[in-house]
Amino acid sequence: MTHQMSEGMRACIEDCFKCHSVCLGTATAHCLEMGGKHVEPDHFRLMLACAEICQTSANMMLIGTELHRRTCGICAEVCEACARSCEHVGGIQECVEACRHCAESCRRMAA
Amino acid sequence: MTHQMSEGMRACIEDCFKCHSVCLGTATAHCLEMGGKHVEPDHFRLMLACAEICQTSANMMLIGTELHRRTCGICAEVCEACARSCEHVGGIQECVEACRHCAESCRRMAA
Amino acid sequence: MTHQMSEGMRACIEDCFKCHSVCLGTATAHCLEMGGKHVEPDHFRLMLACAEICQTSANMMLIGTELHRRTCGICAEVCEACARSCEHVGGIQECVEACRHCAESCRRMAA
Amino acid sequence: MTHQMSEGMRACIEDCFKCHSVCLGTATAHCLEMGGKHVEPDHFRLMLACAEICQTSANMMLIGTELHRRTCGICAEVCEACARSCEHVGGIQECVEACRHCAESCRRMAA
(Lines give C-alpha, C1' and ligand atoms only; values in the text may rest on other atoms or scores of the structure.)
Protein backbone atom coordinates (compact mmCIF):
# COMPACT_ATOMS: atom_id res chain seq x y z
CA MET A 1 0.00 0.00 0.00
CA THR A 2 1.27 3.48 -0.57
CA HIS A 3 1.16 6.91 0.93
CA GLN A 4 -0.74 8.25 -2.09
CA MET A 5 -3.48 5.65 -1.74
CA SER A 6 -6.82 7.01 -0.51
CA GLU A 7 -8.31 5.74 2.74
CA GLY A 8 -11.29 4.42 0.75
CA MET A 9 -9.11 2.29 -1.47
CA ARG A 10 -7.03 1.03 1.45
CA ALA A 11 -10.24 -0.07 3.21
CA CYS A 12 -11.62 -1.66 0.03
CA ILE A 13 -8.46 -3.76 -0.42
CA GLU A 14 -8.85 -5.02 3.14
CA ASP A 15 -12.54 -5.75 2.63
CA CYS A 16 -11.73 -7.73 -0.53
CA PHE A 17 -9.08 -9.89 1.15
CA LYS A 18 -11.41 -10.38 4.15
CA CYS A 19 -14.25 -11.53 1.89
CA HIS A 20 -11.85 -13.72 -0.12
CA SER A 21 -10.65 -15.35 3.11
CA VAL A 22 -14.11 -15.90 4.55
CA CYS A 23 -15.49 -17.36 1.29
CA LEU A 24 -12.53 -19.67 0.62
CA GLY A 25 -12.22 -20.71 4.27
CA THR A 26 -15.96 -21.32 4.75
CA ALA A 27 -16.29 -23.28 1.50
CA THR A 28 -13.37 -25.60 2.15
CA ALA A 29 -13.93 -26.10 5.89
CA HIS A 30 -17.59 -25.66 6.82
CA CYS A 31 -19.34 -26.40 3.49
CA LEU A 32 -17.33 -29.50 2.57
CA GLU A 33 -17.79 -30.91 6.09
CA MET A 34 -21.53 -30.20 6.18
CA GLY A 35 -22.25 -31.59 2.72
CA GLY A 36 -25.83 -31.60 1.36
CA LYS A 37 -27.00 -28.21 0.15
CA HIS A 38 -23.65 -26.73 1.27
CA VAL A 39 -21.95 -28.51 -1.66
CA GLU A 40 -24.77 -27.92 -4.13
CA PRO A 41 -22.72 -27.22 -7.33
CA ASP A 42 -24.00 -23.71 -8.15
CA HIS A 43 -23.62 -22.52 -4.56
CA PHE A 44 -20.14 -23.94 -4.11
CA ARG A 45 -18.90 -22.59 -7.46
CA LEU A 46 -20.23 -19.16 -6.55
CA MET A 47 -18.24 -19.19 -3.30
CA LEU A 48 -15.05 -20.07 -5.18
CA ALA A 49 -15.78 -17.48 -7.88
CA CYS A 50 -16.37 -14.85 -5.19
CA ALA A 51 -13.05 -15.69 -3.50
CA GLU A 52 -11.27 -15.44 -6.87
CA ILE A 53 -12.73 -12.08 -7.98
CA CYS A 54 -12.21 -10.53 -4.52
CA GLN A 55 -8.51 -11.43 -4.67
CA THR A 56 -8.15 -9.95 -8.14
CA SER A 57 -10.16 -6.86 -7.29
CA ALA A 58 -7.71 -6.20 -4.43
CA ASN A 59 -4.71 -6.89 -6.66
CA MET A 60 -5.93 -4.52 -9.38
CA MET A 61 -6.18 -1.72 -6.78
CA LEU A 62 -2.70 -2.56 -5.49
CA ILE A 63 -1.21 -2.56 -9.01
CA GLY A 64 -2.68 0.89 -9.40
CA THR A 65 -4.26 1.24 -12.83
CA GLU A 66 -7.62 2.90 -13.45
CA LEU A 67 -8.92 -0.50 -14.55
CA HIS A 68 -9.63 -1.34 -10.92
CA ARG A 69 -12.97 0.47 -11.31
CA ARG A 70 -14.10 -2.24 -13.70
CA THR A 71 -12.96 -5.17 -11.55
CA CYS A 72 -14.50 -3.55 -8.43
CA GLY A 73 -17.79 -3.26 -10.34
CA ILE A 74 -17.88 -6.97 -11.14
CA CYS A 75 -16.68 -7.86 -7.66
CA ALA A 76 -19.65 -6.02 -6.14
CA GLU A 77 -22.07 -8.03 -8.30
CA VAL A 78 -20.46 -11.38 -7.53
CA CYS A 79 -20.40 -10.59 -3.79
CA GLU A 80 -24.14 -9.76 -3.86
CA ALA A 81 -24.91 -13.02 -5.67
CA CYS A 82 -22.77 -14.97 -3.20
CA ALA A 83 -24.45 -13.28 -0.21
CA ARG A 84 -27.89 -14.30 -1.54
CA SER A 85 -26.74 -17.88 -2.13
CA CYS A 86 -25.22 -18.11 1.37
CA GLU A 87 -28.40 -16.71 2.90
CA HIS A 88 -30.42 -19.35 1.07
CA VAL A 89 -28.14 -22.17 2.28
CA GLY A 90 -28.25 -20.81 5.83
CA GLY A 91 -25.90 -21.10 8.79
CA ILE A 92 -23.01 -19.20 7.17
CA GLN A 93 -23.88 -15.71 8.33
CA GLU A 94 -20.22 -14.61 8.60
CA CYS A 95 -20.00 -15.18 4.85
CA VAL A 96 -23.22 -13.27 4.11
CA GLU A 97 -21.92 -10.28 6.05
CA ALA A 98 -18.41 -10.28 4.56
CA CYS A 99 -19.92 -10.43 1.05
CA ARG A 100 -22.43 -7.61 1.70
CA HIS A 101 -19.75 -5.41 3.26
CA CYS A 102 -17.31 -6.04 0.40
CA ALA A 103 -20.02 -5.38 -2.22
CA GLU A 104 -20.75 -1.98 -0.66
CA SER A 105 -17.06 -1.11 -0.48
CA CYS A 106 -16.45 -2.16 -4.11
CA ARG A 107 -19.47 -0.23 -5.40
CA ARG A 108 -17.97 2.95 -3.97
CA MET A 109 -14.63 2.31 -5.70
CA ALA A 110 -16.34 1.44 -9.00
CA ALA A 111 -18.31 4.69 -9.15
CA MET B 1 -11.18 -28.93 -18.03
CA THR B 2 -14.28 -30.98 -18.56
CA HIS B 3 -16.04 -32.95 -21.21
CA GLN B 4 -18.98 -30.54 -21.17
CA MET B 5 -16.74 -27.53 -21.82
CA SER B 6 -17.09 -26.03 -25.32
CA GLU B 7 -14.07 -25.93 -27.64
CA GLY B 8 -14.32 -22.13 -27.62
CA MET B 9 -13.99 -21.92 -23.87
CA ARG B 10 -11.18 -24.45 -23.78
CA ALA B 11 -9.26 -22.35 -26.33
CA CYS B 12 -9.99 -19.11 -24.46
CA ILE B 13 -8.61 -20.54 -21.21
CA GLU B 14 -5.41 -21.46 -23.03
CA ASP B 15 -5.21 -18.02 -24.67
CA CYS B 16 -5.62 -16.36 -21.26
CA PHE B 17 -2.84 -18.39 -19.61
CA LYS B 18 -0.61 -17.82 -22.67
CA CYS B 19 -1.17 -14.06 -22.49
CA HIS B 20 -0.69 -14.09 -18.70
CA SER B 21 2.61 -15.95 -19.15
CA VAL B 22 3.91 -13.71 -21.94
CA CYS B 23 3.00 -10.49 -20.08
CA LEU B 24 4.42 -11.56 -16.71
CA GLY B 25 7.51 -13.16 -18.27
CA THR B 26 8.25 -10.22 -20.59
CA ALA B 27 7.74 -7.63 -17.86
CA THR B 28 10.01 -9.31 -15.31
CA ALA B 29 12.71 -10.46 -17.72
CA HIS B 30 12.92 -8.23 -20.79
CA CYS B 31 11.40 -4.98 -19.48
CA LEU B 32 13.28 -4.87 -16.17
CA GLU B 33 16.57 -5.65 -17.94
CA MET B 34 16.02 -3.04 -20.67
CA GLY B 35 14.94 -0.27 -18.30
CA GLY B 36 14.05 3.19 -19.68
CA LYS B 37 10.63 3.35 -21.32
CA HIS B 38 10.21 -0.39 -20.62
CA VAL B 39 9.81 0.39 -16.92
CA GLU B 40 7.77 3.55 -17.42
CA PRO B 41 5.26 3.20 -14.52
CA ASP B 42 1.99 3.23 -16.51
CA HIS B 43 3.30 0.72 -19.05
CA PHE B 44 4.72 -1.65 -16.48
CA ARG B 45 1.61 -1.54 -14.30
CA LEU B 46 -0.52 -2.30 -17.35
CA MET B 47 1.54 -5.40 -18.09
CA LEU B 48 1.09 -6.65 -14.51
CA ALA B 49 -2.63 -5.80 -14.55
CA CYS B 50 -3.01 -7.67 -17.84
CA ALA B 51 -1.26 -10.76 -16.42
CA GLU B 52 -3.54 -10.62 -13.36
CA ILE B 53 -6.87 -10.27 -15.18
CA CYS B 54 -5.92 -12.95 -17.75
CA GLN B 55 -5.27 -15.42 -14.93
CA THR B 56 -8.59 -14.62 -13.27
CA SER B 57 -10.49 -14.67 -16.53
CA ALA B 58 -9.21 -18.22 -17.10
CA ASN B 59 -10.01 -19.22 -13.51
CA MET B 60 -13.59 -17.90 -13.75
CA MET B 61 -14.15 -20.06 -16.85
CA LEU B 62 -12.65 -23.07 -15.08
CA ILE B 63 -14.82 -22.55 -11.98
CA GLY B 64 -17.78 -22.57 -14.32
CA THR B 65 -20.22 -19.81 -13.38
CA GLU B 66 -21.93 -17.55 -15.90
CA LEU B 67 -19.96 -14.66 -14.37
CA HIS B 68 -17.06 -15.52 -16.65
CA ARG B 69 -18.75 -13.42 -19.36
CA ARG B 70 -18.13 -10.33 -17.28
CA THR B 71 -14.49 -11.10 -16.48
CA CYS B 72 -13.84 -12.04 -20.13
CA GLY B 73 -15.29 -8.67 -21.17
CA ILE B 74 -12.89 -6.74 -18.94
CA CYS B 75 -10.02 -9.01 -19.89
CA ALA B 76 -10.54 -8.14 -23.57
CA GLU B 77 -10.32 -4.41 -22.77
CA VAL B 78 -7.21 -4.72 -20.62
CA CYS B 79 -5.51 -6.87 -23.27
CA GLU B 80 -6.23 -4.25 -25.96
CA ALA B 81 -4.83 -1.48 -23.75
CA CYS B 82 -1.75 -3.58 -23.00
CA ALA B 83 -1.22 -4.38 -26.71
CA ARG B 84 -1.28 -0.64 -27.55
CA SER B 85 1.15 0.16 -24.72
CA CYS B 86 3.53 -2.63 -25.83
CA GLU B 87 3.37 -1.42 -29.45
CA HIS B 88 4.26 2.09 -28.30
CA VAL B 89 7.24 0.84 -26.26
CA GLY B 90 8.38 -1.33 -29.17
CA GLY B 91 10.48 -4.48 -29.38
CA ILE B 92 8.02 -6.70 -27.52
CA GLN B 93 6.01 -7.96 -30.47
CA GLU B 94 5.34 -11.38 -28.86
CA CYS B 95 3.45 -9.54 -26.14
CA VAL B 96 1.47 -7.41 -28.61
CA GLU B 97 0.37 -10.54 -30.44
CA ALA B 98 -0.52 -12.57 -27.33
CA CYS B 99 -2.62 -9.64 -26.04
CA ARG B 100 -4.44 -9.11 -29.37
CA HIS B 101 -5.14 -12.83 -29.71
CA CYS B 102 -6.42 -13.12 -26.12
CA ALA B 103 -8.59 -10.00 -26.52
CA GLU B 104 -10.29 -11.51 -29.58
CA SER B 105 -10.82 -14.83 -27.82
CA CYS B 106 -12.26 -13.15 -24.69
CA ARG B 107 -14.59 -10.91 -26.70
CA ARG B 108 -16.18 -14.04 -28.18
CA MET B 109 -16.71 -15.55 -24.71
CA ALA B 110 -18.10 -12.28 -23.34
CA ALA B 111 -20.78 -11.96 -26.02
CA MET C 1 8.07 -16.06 -21.61
CA THR C 2 11.47 -14.95 -22.70
CA HIS C 3 14.20 -15.81 -25.11
CA GLN C 4 16.59 -16.63 -22.28
CA MET C 5 14.21 -19.14 -20.75
CA SER C 6 15.25 -22.79 -21.14
CA GLU C 7 13.02 -25.21 -23.01
CA GLY C 8 12.66 -27.23 -19.78
CA MET C 9 11.29 -24.26 -17.88
CA ARG C 10 8.99 -23.27 -20.69
CA ALA C 11 7.55 -26.81 -20.72
CA CYS C 12 7.25 -26.88 -16.93
CA ILE C 13 5.25 -23.63 -16.91
CA GLU C 14 2.85 -25.14 -19.45
CA ASP C 15 2.58 -28.38 -17.44
CA CYS C 16 1.77 -26.39 -14.30
CA PHE C 17 -0.99 -24.36 -15.94
CA LYS C 18 -2.35 -27.53 -17.56
CA CYS C 19 -2.45 -29.33 -14.20
CA HIS C 20 -3.94 -26.24 -12.53
CA SER C 21 -6.67 -26.13 -15.19
CA VAL C 22 -7.48 -29.84 -15.05
CA CYS C 23 -7.63 -29.89 -11.22
CA LEU C 24 -9.74 -26.73 -10.87
CA GLY C 25 -12.00 -27.65 -13.80
CA THR C 26 -12.51 -31.27 -12.70
CA ALA C 27 -13.19 -30.32 -9.08
CA THR C 28 -15.77 -27.65 -9.86
CA ALA C 29 -17.49 -29.44 -12.73
CA HIS C 30 -17.18 -33.22 -12.44
CA CYS C 31 -16.61 -33.66 -8.68
CA LEU C 32 -19.32 -31.25 -7.49
CA GLU C 33 -21.84 -32.80 -9.91
CA MET C 34 -20.96 -36.38 -8.93
CA GLY C 35 -21.03 -35.76 -5.17
CA GLY C 36 -20.33 -38.63 -2.75
CA LYS C 37 -16.67 -39.53 -2.46
CA HIS C 38 -15.88 -36.90 -5.11
CA VAL C 39 -16.63 -34.17 -2.55
CA GLU C 40 -15.05 -35.98 0.38
CA PRO C 41 -13.41 -32.99 2.21
CA ASP C 42 -9.77 -34.16 2.17
CA HIS C 43 -9.92 -35.12 -1.50
CA PHE C 44 -11.62 -31.93 -2.62
CA ARG C 45 -9.27 -29.72 -0.59
CA LEU C 46 -6.29 -31.50 -2.13
CA MET C 47 -7.57 -30.76 -5.63
CA LEU C 48 -7.94 -27.06 -4.80
CA ALA C 49 -4.53 -26.98 -3.09
CA CYS C 50 -2.97 -28.63 -6.14
CA ALA C 51 -4.55 -26.06 -8.49
CA GLU C 52 -3.24 -23.25 -6.26
CA ILE C 53 0.36 -24.44 -5.95
CA CYS C 54 0.58 -25.27 -9.67
CA GLN C 55 -0.44 -21.71 -10.52
CA THR C 56 2.12 -20.25 -8.14
CA SER C 57 4.83 -22.64 -9.25
CA ALA C 58 4.32 -21.38 -12.83
CA ASN C 59 4.26 -17.75 -11.69
CA MET C 60 7.51 -18.11 -9.72
CA MET C 61 9.23 -19.44 -12.86
CA LEU C 62 7.78 -16.58 -14.92
CA ILE C 63 8.91 -13.96 -12.38
CA GLY C 64 12.36 -15.43 -12.71
CA THR C 65 13.99 -15.76 -9.31
CA GLU C 66 15.96 -18.80 -8.17
CA LEU C 67 13.25 -19.40 -5.58
CA HIS C 68 11.24 -21.26 -8.21
CA ARG C 69 13.28 -24.38 -7.32
CA ARG C 70 11.62 -24.42 -3.91
CA THR C 71 8.08 -23.90 -5.17
CA CYS C 72 8.61 -26.51 -7.90
CA GLY C 73 9.75 -28.96 -5.20
CA ILE C 74 6.55 -28.52 -3.18
CA CYS C 75 4.44 -28.54 -6.31
CA ALA C 76 5.81 -31.97 -7.25
CA GLU C 77 4.83 -33.35 -3.83
CA VAL C 78 1.33 -31.88 -3.89
CA CYS C 79 0.78 -33.19 -7.44
CA GLU C 80 1.80 -36.72 -6.37
CA ALA C 81 -0.57 -36.59 -3.39
CA CYS C 82 -3.39 -35.30 -5.60
CA ALA C 83 -2.74 -38.02 -8.22
CA ARG C 84 -3.02 -40.71 -5.52
CA SER C 85 -6.24 -39.20 -4.15
CA CYS C 86 -7.75 -38.98 -7.65
CA GLU C 87 -6.80 -42.58 -8.38
CA HIS C 88 -8.50 -43.66 -5.16
CA VAL C 89 -11.69 -41.75 -6.01
CA GLY C 90 -11.64 -43.17 -9.54
CA GLY C 91 -13.08 -41.98 -12.84
CA ILE C 92 -10.93 -38.86 -13.10
CA GLN C 93 -8.02 -40.31 -15.02
CA GLU C 94 -7.30 -37.04 -16.90
CA CYS C 95 -6.54 -35.49 -13.52
CA VAL C 96 -4.30 -38.39 -12.41
CA GLU C 97 -2.27 -38.03 -15.59
CA ALA C 98 -1.97 -34.25 -15.52
CA CYS C 99 -0.78 -34.43 -11.89
CA ARG C 100 1.78 -37.19 -12.57
CA HIS C 101 3.12 -35.36 -15.62
CA CYS C 102 3.39 -32.05 -13.76
CA ALA C 103 5.07 -33.72 -10.77
CA GLU C 104 7.75 -35.17 -13.05
CA SER C 105 8.30 -31.85 -14.78
CA CYS C 106 8.53 -29.95 -11.49
CA ARG C 107 10.96 -32.45 -9.98
CA ARG C 108 13.35 -31.76 -12.86
CA MET C 109 13.15 -27.99 -12.27
CA ALA C 110 13.58 -28.40 -8.50
CA ALA C 111 16.81 -30.38 -8.83
CA MET D 1 -11.93 -18.47 8.09
CA THR D 2 -13.51 -21.01 10.32
CA HIS D 3 -14.35 -21.60 13.93
CA GLN D 4 -11.92 -24.51 14.09
CA MET D 5 -9.02 -22.38 12.88
CA SER D 6 -6.39 -21.57 15.51
CA GLU D 7 -5.69 -17.96 16.44
CA GLY D 8 -2.11 -18.43 15.21
CA MET D 9 -3.25 -19.47 11.76
CA ARG D 10 -5.81 -16.69 11.57
CA ALA D 11 -3.08 -14.15 12.39
CA CYS D 12 -0.66 -15.72 9.90
CA ILE D 13 -3.22 -15.45 7.07
CA GLU D 14 -3.62 -11.76 7.86
CA ASP D 15 0.14 -11.23 8.03
CA CYS D 16 0.54 -12.91 4.64
CA PHE D 17 -2.10 -10.75 2.94
CA LYS D 18 -0.65 -7.65 4.61
CA CYS D 19 2.85 -8.49 3.36
CA HIS D 20 1.46 -9.34 -0.10
CA SER D 21 -0.32 -5.98 -0.21
CA VAL D 22 2.66 -3.94 0.98
CA CYS D 23 5.08 -5.66 -1.44
CA LEU D 24 2.82 -5.42 -4.50
CA GLY D 25 1.68 -1.88 -3.65
CA THR D 26 5.19 -0.59 -2.91
CA ALA D 27 6.68 -2.18 -6.02
CA THR D 28 4.09 -0.84 -8.44
CA ALA D 29 3.67 2.61 -6.87
CA HIS D 30 6.81 3.71 -5.04
CA CYS D 31 9.51 1.63 -6.78
CA LEU D 32 8.34 2.22 -10.37
CA GLU D 33 8.02 5.98 -9.70
CA MET D 34 11.44 6.23 -8.03
CA GLY D 35 13.28 4.22 -10.67
CA GLY D 36 17.05 3.66 -10.36
CA LYS D 37 17.98 1.00 -7.81
CA HIS D 38 14.27 0.61 -6.97
CA VAL D 39 13.74 -1.11 -10.32
CA GLU D 40 16.99 -3.05 -10.28
CA PRO D 41 15.82 -6.38 -11.81
CA ASP D 42 16.75 -8.75 -8.96
CA HIS D 43 15.20 -6.48 -6.33
CA PHE D 44 11.99 -5.87 -8.24
CA ARG D 45 11.55 -9.57 -9.08
CA LEU D 46 12.02 -10.46 -5.43
CA MET D 47 9.24 -8.05 -4.43
CA LEU D 48 6.87 -9.63 -6.95
CA ALA D 49 7.90 -13.15 -5.92
CA CYS D 50 7.31 -12.24 -2.27
CA ALA D 51 3.82 -10.90 -3.05
CA GLU D 52 3.03 -14.10 -4.97
CA ILE D 53 4.20 -16.60 -2.34
CA CYS D 54 2.52 -14.65 0.50
CA GLN D 55 -0.80 -14.84 -1.34
CA THR D 56 -0.42 -18.58 -1.90
CA SER D 57 0.78 -19.21 1.62
CA ALA D 58 -2.44 -17.59 2.90
CA ASN D 59 -4.56 -19.52 0.41
CA MET D 60 -3.02 -22.87 1.39
CA MET D 61 -3.92 -22.17 5.04
CA LEU D 62 -7.45 -21.19 4.03
CA ILE D 63 -7.91 -24.32 1.90
CA GLY D 64 -6.94 -26.29 4.96
CA THR D 65 -4.53 -29.07 4.04
CA GLU D 66 -1.44 -29.96 6.03
CA LEU D 67 0.62 -28.85 3.03
CA HIS D 68 0.43 -25.27 4.30
CA ARG D 69 3.42 -26.06 6.52
CA ARG D 70 5.57 -26.41 3.43
CA THR D 71 4.35 -23.24 1.74
CA CYS D 72 4.70 -21.30 5.01
CA GLY D 73 8.30 -22.51 5.24
CA ILE D 74 9.19 -21.17 1.79
CA CYS D 75 7.22 -18.00 2.42
CA ALA D 76 9.33 -17.27 5.49
CA GLU D 77 12.54 -17.60 3.45
CA VAL D 78 11.30 -15.41 0.59
CA CYS D 79 10.11 -12.75 3.07
CA GLU D 80 13.54 -12.67 4.74
CA ALA D 81 15.28 -12.31 1.37
CA CYS D 82 12.86 -9.55 0.37
CA ALA D 83 13.37 -7.71 3.69
CA ARG D 84 17.15 -7.73 3.14
CA SER D 85 16.78 -6.48 -0.43
CA CYS D 86 14.41 -3.70 0.66
CA GLU D 87 16.79 -2.67 3.45
CA HIS D 88 19.62 -2.46 0.92
CA VAL D 89 17.56 -0.30 -1.45
CA GLY D 90 16.46 1.91 1.44
CA GLY D 91 13.45 4.17 2.00
CA ILE D 92 10.89 1.38 1.98
CA GLN D 93 10.85 0.58 5.68
CA GLU D 94 7.13 -0.36 5.70
CA CYS D 95 8.04 -3.19 3.36
CA VAL D 96 11.02 -4.33 5.46
CA GLU D 97 8.78 -4.53 8.51
CA ALA D 98 5.86 -6.30 6.83
CA CYS D 99 8.29 -8.90 5.42
CA ARG D 100 10.05 -9.49 8.77
CA HIS D 101 6.73 -9.79 10.61
CA CYS D 102 5.31 -12.19 8.02
CA ALA D 103 8.50 -14.30 8.05
CA GLU D 104 8.26 -14.73 11.82
CA SER D 105 4.57 -15.62 11.62
CA CYS D 106 5.13 -18.15 8.81
CA ARG D 107 8.08 -19.78 10.60
CA ARG D 108 5.76 -20.54 13.53
CA MET D 109 3.18 -22.15 11.23
CA ALA D 110 5.85 -24.14 9.37
CA ALA D 111 7.24 -25.74 12.53
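The chains carry the letters A, B, C and D, assigned in the order they are written, with residues numbered from 1 in each.
To be clear about the criterion, contacts are C-beta pairs under 8 Å (C-beta built on N, C-alpha and C of every residue); 3 or more make two chains touch, one makes a residue touch a chain.
Quantities reported herein were computed from a predicted structural model and do not represent experimental measurements.
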item	value
Type of chain C:chain D copy interface by residue overlap (half), same or different	same
Of A-B and B-D, pair with higher C-beta contact tally	A-B
Chain centre separation (chain B, chain C; CA means) in Å	21
Chain centre separation (chain A, chain B; CA means) in Å	23
Touching two or more other chains - residues of chain A	28, 45, 48, 55, 59, 63-64
Chain-level touch network, classified as line, ring, star, complete or other	complete
Touching residues on chain B, where the partner in the complex is chain A	42, 45-46, 48-49, 52-53, 55-56, 59-60, 63-65, 67, 70-71, 74, 77-78, 81
Interface residues, chain C side, partner chain B - complex	1-2, 4-5, 13, 17, 21-22, 24-26, 28-30, 55, 58-59, 62-64, 94
Complex interface listing, chain C residues touching chain A	28, 32-33, 35, 39, 41, 44-45, 48
